[in-house]
Every structure is written in C-alpha cells, then in structure tokens.
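Look for subunit A in each of the two complexes below; its partner is subunit B in the first and subunit C in the second.
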Partner chain A sequence: MDIATLAFSALYQFGDAFAFLVLSACGLAVIFGMMGVINLAHGEFIMCGAYVTAATVHAGLPLPLGILCGTLASALVGVLVELLVIRHLYERPLDTIVATWGLSLIATQGTLILVGSTMAGVGTPFGSFQVGAYSYSIYRIVLFTASLAVLGALYALFNWTRFGVLARATIQVPHMAAALGVDTRLIYSLTFACGAGLAGLAGGLYAPTMTLVPTMGATFIMEAFVTVVIGGADVFLGTAPAGGILAIVKSGMTSWQGQLFGQIGLLIAVIIVVRVLPKGISGFVLRERT
Partner chain B sequence: MTGFLSLFRRLEGPQTLGRGPAFWALFALVLAGALAYPLFSDGYTVGNTVYFFVWVFIALSLSLIWGYGGSLSFGQTAFFGIAGYSYGILTINFGASYGFTWIALLLAVGMAALIAALLGYFMFFGRIAGVFLGIVTLAVTLMLERFMAQTAGPEWRIGAARLNGFNGMSAMPPLTIPWFGGPIVLFADVGLYYVVLAMLVLVYLALRILMNSAFGNVIVAIRENPERAEMLGYDIRKYQLITFVIGAALAGLSGVLYTVWGQYITPSSMGMTAASLPLIWVAVGGRSDLTATIIGTLVVLSGFQALTIYGSQYALVFMGVLLVLTVLIAPNGLVLGVINWITKLVTRRKQEAA
Partner chain C sequence: MTRSVLRGLRAAALSGTLVFASGAYAAEAPIKLGVLEDQSGDFAAATIGKVHAIQLAAEEINKAGGIMGRPLELVTYDTQSDNTRYQEFMRRVLQRDKVDAVFAGFSSASREAYRPIVDQFNGFAFYNNQYEGGVCDGHMVVTGAVPEQQFSTLIPYMMQTYGKKVYTLAADYNFGQISAEWVRKIVKENGGEMAGEEFIPLGVSQFSQSIQNIQKAKPDFVVTLLVGTAQASYYEQAASANVNLPMASSVNVGQGYEHKRFKPPSLKDMYVTTNYIEEIDSPKSKEFYAKFKAKFPNEPYVNQEAENSYLALYLYKQMVERAKSTNRDEIRKVIAMGDVCMDAPEGKVCIDPKSQHMSHTIYLAKVGADHSISFPKVWEDIKPYWLGDAGCDLTKKDPMAQYTPSNPPPKP
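And then the complex of A and B:
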C-alpha cells in the first residue's frame, strides 16, 4: 500500500469520526452553550429523529425529505419538553439533568413498548468507491460534508440573523435583554427547539448506517458529552476544534487497537483536558483573548 | 473517654432529621421490628429484603455526595460494579476459607475507593463542578459498562476468574464466617439478613455522626456556597474529594453485597438504567437527609418490584414519570416533604396547646 492510499484511509477515518462527534454534539452544545442546560435526553432526541426518518422513508418519501421530517419532529418534541419541564427548572441546573434523565428513561422504555425492540432500517444510499485495496462508503463523505454544513449554518444563524443576535443578547445578560423588549422565554424555547432539531438531524443522518433500537441514543451520548465537555460552552470555538482533536484521538486509537480503545482514548482525553482546561477549549481561547 | 462520648452527641444535629427521646424510641422500635422480622417470615422473603437493604448503601452514598455535598455523581454504579467484580475476582482466585471473603470484601471496597480517589483528584482538583461533574462521571460509568461487556473472550481472565463479557461473572462464594465447628456460610437468607442489617445500622449511625461533625458542616457549607466556604479558609477540593471517596466506598460495599447476595455480577449493573435507579430512589426520598433517603429507597424499591411483577415493561416508564414529577413538584423529595409537613403540624399543635 503506498503512502497516498494510506493517507486517504487515515483522512477518511478522521472525517468519519469528526462527523460523528460534531453531528452528535452540536445539538447538545447549542442547548448547553446558550442556556447552560445539560440535556440528558439528547440521545433520545437523536433516536426520535432516526425513527421518524425511517418511518417516513418506509412510507415512501425520499431520504432527504425523511431526514427533514425527523429534524422537525425532534424540534417539535423539543418545544413541548421545554414548555412542560425545562422552563420550570432554569434556576436549578442540577435538577434539569435529573429531570431530563427521567425523560430519557420514559422515552427509551416508551419506544420499546410502542414500537417494539427494533425497527426496520433504511439502506445506506450511494454505494461505495475504491481507493487502493479498500472500498469506502460514499455516504460517509456525505456525512462529513453535512457536519461542516451544520457548523456553517449555525455560524450564519447566530451571527447574521436577527434571531441569532437576540439569542446572544439573551445569553449574555438576560435581564437587560428582557428590559430591551426581547421575549427571553421565546428565545429559550426556540434555542431548545433548535438543539433538539439538531439532535434529530443527527439521528436522521445516521439512521441509514445503524440498527434502529430504542437504546440507540446511548451510542451517541457519550461521544456527544465528551465533545461538549472538552469544547466548553461555545459552539464554534469549542465544539468544532474539540471535534477535530477528538477525531484524531479516536480514529488513531481505533485503527491502532480497535473500537473500544478509541472510546477509552476519548475518556482519557476528557479527563486530562478537564484537569488542564476546566472550562474547555473555548474557555481557554476566550480567556486568552481578553 | 470524653472524646468518645462526644461522638455520640453528634448522633443528633442540624444536618440530620430526628432528635430527642421520641425519635430514638421510634428508632429502637423499628430496629426491634427489623430484628424480629425473620421470625415471622420465610427464608425467601427475608432474602428478598436483604436485596432491598443492599441497595440502601448506594442510595446513602448518593445522598452523601449529591444531597449533602451538592455534586451530582452518576459514577456510583461504576464503583458498585468495580467492587462487585473485584470481590468476584478475588474470591474465585483465593477461595473462601480462613475468612478470606471478608478480606476480599474490604479489598474490593478499597479498590472502589482507590479508583474514586484517582478520578476524584482529576475532577475536584481540576475544579469541575455542577453539571460537568455529572457528565464526566456518567461517561466513566458508560465506558466501564462497554469495556466489561466486550470481555467475553477467553483472553479476558484474571487468574482463574473469567470476566465473561456481557453474561458477567458468577459462582463466587458467599460471605463465610470461620467458626470452630466449621465455617458459617451466609447464603441469601436469615444469616446474611442479620449481617447486612448490622452493617446498615452501623453505616447509618456513622454517617449521622459524620454529617453532624465539623466535617459534615463544611460539606453542607460547600453545597450552599462553594466560594463562601473557600473564603472561610477551607480547601474545598479536599473536602469534596474525601466525600467522593467515602461515597464510592459505600457504593462499593453495595456492589460487594449485591455480588454476595446473588453470586453474580454483570456489566449491565453499570449501565444507564442501573445508574438511574439509585438517583430516582434518592430524589424521591429526599436527598438531603439520611433517614428520608433510606425510607424513600425502601418504599420506591418495593413499589418498583411490585410494578415489575404486574406490568413489567411499564415499571421503568412509571419510574421516569415519578422522577420528573418529583423534580418539578417536590424538589426536596416526597418523603422529606411529608416528614417536614408532619413536624410542622406537630409543633403547631404544641404551640396551640401551650
């Protein structure tokens, strides 16, 4: 195997890991970064997106539309959850964790009862291509592109739109924003819905690549949390670079020792980073800047 | 001697509910009832009660770390599993003679405490607090479950003990007391019941003393306001680390007793569901008080078991709903809320009578 194919293989694995980390984390990061709320039901929003995507594809919609439906469904559930539960707990961040954990239990077990232990999957589209001796899935490249697109779209949303400006104002000084006439409750609702929708999008995008079971959220949640912890509160200064660094750790450890060691590598990375940079990468960058 | 007596004075204090002769009379009554209980019951039911008691230790550990210390840890089940597996590995390798099971118990609990000390050092000295602490401990727990679940192959063995992957370890010897006429083997019935009950009472009283001592007051001060506690000159990192290690040891004790009780331990005892159950008991009971935690754990646990028998798959949904509703409606816990309400009622009666 020559250097070029080896390099391509490494790059491909990096891109795959990066896409997985960023896509599964950005919904969580938006909710945490903007509202300081840790949503332990994040994995279940992903599951919801994947299930709705699969259901709509089975009903005859094309995959992209199915993914859109999954995203919207998750966002809608997000609005409901915010209204019924999260809204009452903004002053008690620890209790939000506990409450969303309860929601996650309800969602996992409820799906198991209603839909059954597994759901028919969606075939991976686009097929594969050959580089050197190995074949690669084209869909993984699509996922990598999608993760970059999501980061770009989030940047545009929070920097160039009116909603983004109001949201950032609400995050910085909630009372002042409220005094200036911003409906902060609405902003929080929309932000939570946005985070939930992103989780649904991740679920929809990954629905064709994995088996759909009620506990599938758990496969995403650890990677998502690790990325958010290392990244810190800011989506762009934190999640994206954290995704990059962790993708190197994960793909390196995985190709060296196997999948489990990839995950152990992530865990060790998070413990070390947390000891050195308690506020994550974005905390470090922001401190340097001021 | 006076120092020893002053320890007993710490059995009552501002950090624990219940004081005065009335409370201790009730305590003695409950204890007498618990001691007499096996006389009126059959071995199977008593064994089942031991199962409930086993979980009380992990609930108390969560009450200590979360309720008193204010740091939410999802890592308790990890320590539970570490100690359970350690006990299995030790006893399968070295057998149960000469009272070794008790040494294995201590070593396994020590193992959990050691790993907690290591993890806790990175967390508390890295000044992780609040929600991040929960996430890191959760990540550790899930990681450990995944690691143990893939140890199915024959290469995963420690001495004579195969780890057995998802099926877990089994057939470790129960606790054994060496005795003159031959060792007493504590199977999951009356014998084990009295041993675990004795441990429970000891741990409960010791925790009461600890929480009402200067140490406990500092812990509560850190929960109320970490900065203030620090300004008053306490190195809060040390206090948090010590609490975390004590909590891990208690969770480890729970894990060893669970392994002893059923003579098996599986990776799923460290999974998401397993980690959430202690949280539910403690939250519903009333996390900031030891007594409320114990009552809540026993009540919710027996309710959960009854539900599992009648509508197995709905039990977890019900638990989730219970948790969400408790957090929304009675953030301090249902049992604690009821106790506080009764105390208020009684004092009002007294004032009216006076």
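And then the complex of A and C:
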C-alpha cells in the first residue's frame, strides 16, 4: 500500500472524527462555553433536529431543506426553553444542571411515547468513492466541510456582525450592556436559540447516517462536553483546536487498537489537557495574548 | 378478600398491569407473573414487543379460563435498559409482589445482573431471549435460541456460500465476547480463518475506522453481533462507504428489525438465523401475526423475542397444569419428563430437561437489496445440545452457573 493511500486514509479518519466532535460541540460551546449554562439537554436538541429532518424528508422535502427545518425547529424549541426555564436560572448556574437534565428526560420519554421507539431512516446520499484499496463515503466529506463551514460562520457571526458584538458585550458585562441600551434579555434568548439551532444542525447532518431513536442524543453528549471542557470558554479559539487535538488522538488510537482504545485515549487526553490547562485551550491562548 | 390480596391488587393497579378478565375468578387467587422488560432506553425498540406478546398471551389464557381456573395477573415494571433496575425490580417482584414466576431480560448483562437474585430468593425466571448460551441454572428456563442453534447452522452455510475468511464485529460485553468465541470455534472447526475481530463498546455510533479495518482485512463476510440502537448505525455507514460484503448475524433483523428501519439497500445480503420473524410464511405464523396486529395495530414489528415470550407463557401454563402447582420443584419434575412441547408459531418446540433450554426451528433469513426477506434454508428441530453434551444435567445437579466453550462444566 503506497504512502498516498495511507495518508489519505489517515486524513479522512481525522476529518471524520473532527467533524463529529466539532458539530456535536458547537451548540454546547455557545450555551455552556459562552453563557455558562450547563445544558444537559444538549443531546435532546440534537435528537430534535434529527427527528424533524427525517420527518420533513419523509414528507418529501429534499435533504438540505430538511436539515434547515431541523435546525430552525431546534432553535425555536431553544427560544421556548429559554423563555420558560433557563431565563429564571441565570443567577443559579448549578440549578440549570437539574433543570436541563429534567428536560432531557422529559424529551426522551415524551418522544418514545408520542413517536414510538424508532423512526425510519432517510438513507445516506451521494454514495462512495475509491482511493487505493479502500472505499469511502462521500457524505463524510460533506460532514467535514460542514464542520469547517460552521466554525467559519460562527466566527463571522460573533466578530463581524452587530448581533455578535452585542452578544459578547452582554455576556461579558451584562449591566454595562444594559446601561448602554442593549436589550440583554433578547440577546440571551437569541444566543441560546443559536446554540440550540447548532445542536439541531448537528442532528440534521447526522440523521442520514444514524439510527433514529429517542436516546440518540446520548451518543453525542460525551464527545460534546469533552470538547467544550478542554476547549474552554471561547468557541473559536477553544472548540476548533480542541476538536483537532481530540480527533488526532481518537482516530489514531482507534486505527491502532480499535474503538475501545479510541475512547480510552480520548478520555486520557482530556484528563491531561484539563490538568495542564485548567482554563482550557482558549484560556491558555488568551492569557498568552494579554 | 384478604388484606394481602387487596395489597396485591393495589400494587398491580398502581403499576397499571392488572389483566382484567371475567369476574368468575373472584374466588380463586390469581397466578402472578412478574414482567421485567426494557420499555425505554437503548434496547426498547427490540423489547416493547415482548411485553405486548406477554399481554396478548395472558389475555388469551384468561379468556379461555386461566391456568387451572386461576386468572393470570401481570406485574410489569419498566427496567429502562439499565442493569441496576433489573436487580431492584427483581427483588421487588420476588419479595414484595411475591410473584410465582418472572419473565425477564433482554441483554445478557441484565440477565447476569438479576440471575443471582433469582437464585438467592429461590425464584423462578424465564429468559425469553436468544443469547450466547451456557446458563446451567435450575431457577431459569431459557426459551430463546443459543449458539449451537444459531451459529452451527449459520457460519458453515456462510463459509460454503461466500468463503472461509471471517471478520467479527461484536458488542463489547458478555454477549458479544462469548458469541465471538463461538464464531471463532466454529470457523476453526470448519477449516476457515479469522480475518479479524473488533469489539465495540455499547453506545458507540460512529464506525468509519472500523469500516476501514474491515476493508483492510479483506474478509469474505462479516459477522455482525452489534447490540442496541446506537450500534445499528453501522449498517448505514458501511453501506454508504460501499463495503459491500455479505453479513451474518444472530441478533440483527430478528430483534431490531433493522431491515424495516433503514433505507434499502443498506442491509443487502444480511443473513440471520432466527427462530421467528413476522415474515415467516406458515399458517401458524400468520395466525399469530394476525392476532398480534389485532391487539396492537401500531406494533412496528413482531420479532423473535416476542414469539419466545408468547410461547413461554403457554409453556408455563402447560407445566403448571401438569404439575398441578406453581411450585418450582414440582414444575421441574414435569420438565424432567422431557415431553414439555407445544406447537408454537415457529413450529414444534420442546424443553430440554438437562439444560432447561428449548429446541427450535431455525430459519435462515436473507435480506434482499430491496430489504425483502427470503428464507434460503430452514433447519427443523435443532436441539440446544451443547450444555447437555458438555456435562450440565439439571435433573441431577444444579450448579447455577454460566459456561462457555473455553470454560465448560467441570468433569465429574
């Protein structure tokens, strides 16, 4: 087997792991990393996005529109959850754990009761391509591209738009932002909706490749929290490099010793990073800068 | 009505499981049956049908006059795909609800979690699920299929049809590990070789690297022993990467109806040995399927474990009526006669007295490119012979242990 084939295969596995880590983590990075709300219902926002995507595709919409519907539906649910529950708990961050955990239980069991134990899949589009001895799924490349696009779009949103500036101001010094006439409640709502929408997007993007069941969110949540915890508070300086490092460890260990060691490697990497950089990667980068 | 009966009724009403029949039984105390199955969590898709099958059989039996004139009462708890719930509820049904028998368990991890409690409190449990085999325990009756029934048929067929290089992809817990050991043993006995093996932790849903490992090993077919809904994502991902290898399994299709859930052709050329699935085209099977659908019109699929649970209740009825008692020792005397048989939806089944496991008709189900099912081969009356041959004889001795090919019963 020649070097180019091996290099491509390593790159593909890295991209695949990176996409999964970054897409699962982005929504959480906005809600947990920026807003400080520990959102244990993150997996259920992902499940919501996946279910709405699958339902709209079954109803006849093309997949990209389905994913858009899934994203919007999750964002809308996010607005409702923020209005009814989260808004009252900004001063009590630990209580958000209990509240969002309760929401996740209600969402999982509610979906089981209302929609049933499974939902029919929609099938992965685009087919496959061949490099050397291996064949690969084209959709996995789409997922990798999507993860880069999401990171780029988030960077643009929070740095180059008026909403981004207001959101960062509100989250850093809420009283000052309010004194300057910013509607901080609205900004909090929109930021939370943005995080929920990103979770829905991850669900929508992964819906064609996965089993659709009420508990599917659970398979994302470990990777999501791990990435955000070692990434730290900043979405771009944190989540992207954290996704990169963890993807190298995970794909490397998995190709060497199998899935179990991939997971073990991931958790050991997290322990080391948290020990060495208690404020996460972005905390380290920002301290260096100042 | 005595206070204890009242308390039992109240408990049953609280758990919402009282099977109401005609009022004629008021004089006779009900026979209580504990039902511990996963109605939520990762395994729910495969196991809700088991609860429904038990409800169907209980309703039929009660309409026909109960067991020895006594109505059947179900005490049902949702074990939530969680092993500690099994232990908690097993203690509850045995100690507080004082049931006569328990129908319990999907995953082998859950069975091994509750089995010591059944032994400790001297209970009587039915495990109505296919599994990795080897449980030699007088407190248990197993109505599901075991490796000598599912693998001794499937693996040689696959090796003849597709070739001798085999790759196993299995769930990383007792079921997957012991089943993989069986596959290894049978492949070796038939002159084949293992191209590779990988064990996947439960709950893993991303398989890109595993798919590549399989392509690297170039097997002739893949044995997929993947369990739970997360791991079922493998098929979609393997199909989209165009792995295009035949698959063999003892758990897929027959439990999780993956051919109904995924878009064709992701399960193309999947071969499964199962003792029942709803596509089986015999009058008995059609009759069972029609009855099931009449009571539960929204049931997504009537699977192997639903049939196992349904027939288990009829076998229990037969054994209690022949023993004239619900006492386990009396019932085991009936089992020891070796003629506890019935005409089940799959065909004739009998309980083997040595192992208290069941003989089965084994159907080889093949999934086509459009996800339709065909049956290239049927093996009738395959006995659960391994435990008995290896030295487990429950009519003489009850070791209450689980054995594997590498850890067989001690020789006398």
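Basically, the second predicted complex is superposed on the first by the 290 of 290 C-alpha atoms of A that agree within 3 Å, B and C clash if a C-alpha of one lies under 4 Å from a C-alpha of the other, contacts with A are read in each partner's own complex, and residues count from 1 in each chain.
Please note the rule applied: a residue touches a chain if its C-beta (ideal position, glycine included) is under 8 Å from a C-beta of that chain, and two chains touch if they have at least 3 such contacts.
Treat the numbers as computed from the prediction; the structure is a model and nothing was measured.
Chemist: With both structures lined up on subunit A, is it a clash or a fit for subunit B and subunit C?
Modeler: Partners clash after overlay.
Chemist: Look at A:260 in the shared chain and tell me whether it touches subunit B only, subunit C only, both, or neither; answer first, second, both or neither.
Modeler: Touch status of A:260: both partners.
Chemist: Given the touch rule stated above, what does A:38 touch, subunit B (first), subunit C (second), both, or neither?
Modeler: In the superposition, A:38 contacts subunit B only.
Chemist: So in the superposed three-chain picture, is A:179 touching just subunit B, just subunit C, both, or none of them (first/second/both/neither)?
Modeler: So A:179 meets neither subunit B nor subunit C here.
Chemist: Touching A:88 in the superposition: subunit B (first), subunit C (second), both, neither?
Modeler: Only subunit B; A:88 stays clear of subunit C.
Chemist: If we overlay the two complexes on their shared chain A, which of subunit B and subunit C does A:218 touch? Say first, second, both or neither.
Modeler: both
Chemist: Please work out whether A:114 is in contact with subunit B alone, subunit C alone, both, or neither, and reply first, second, both or neither.
Modeler: neither
Chemist: Is A:102 touching anything from subunit B or subunit C once the two structures are fitted on A? First, second, both or neither.
Modeler: Only subunit B; A:102 stays clear of subunit C.
Chemist: After the superposition on A, what does A:3 contact: first (subunit B), second (subunit C), both or neither?
Modeler: In the superposed model, A:3 contacts neither subunit B nor subunit C.
Chemist: Would you find which stretch of subunit C runs into subunit B in the superposed arrangement, from 44-52, 134-142 or 170-178?
Modeler: That would be 170-178, the one stretch with clashes.
Chemist: Using the superposition on chain A as set up above, list the residues of subunit A that contact both subunit B and subunit C.
Modeler: Shared contact residues on subunit A (touching subunit B in one complex, subunit C in the other): 108-109, 112, 215, 218, 260, 263.
Chemist: Which positions of subunit A touch subunit C when the two form their complex?
Modeler: So the residues of subunit A touching subunit C come out as 9, 12-13, 16-17, 20, 108-109, 112, 116-124, 126-128, 130, 133-140, 208-216, 218-219, 251, 254-255, 258-260, 262-263.
Chemist: Enumerate the contact residues on subunit C facing subunit A in the complex.
Modeler: 40-42, 44-45, 48, 172, 198-201, 203-206, 208-210, 212-213, 215-216, 229-230, 232-233, 236-237, 239-244, 260-263, 266, 298, 300
Chemist: For subunit A, which residues count as touching subunit B in their complex?
Modeler: So the residues of subunit A in touch with subunit B come to 32, 36, 38, 85, 88-89, 92-95, 97-99, 101-106, 108-110, 112-113, 215, 218, 221-222, 225-226, 228-229, 260, 263-264, 267, 270-272, 274-276, 278.
Chemist: Can you list the subunit B residues touching subunit A in their complex?
Modeler: 70, 72, 119, 122-123, 125-128, 130-132, 134-136, 138-140, 142-143, 146-147, 150, 272-273, 276, 279-280, 283, 313-314, 316-317, 319-324, 327-328, 331
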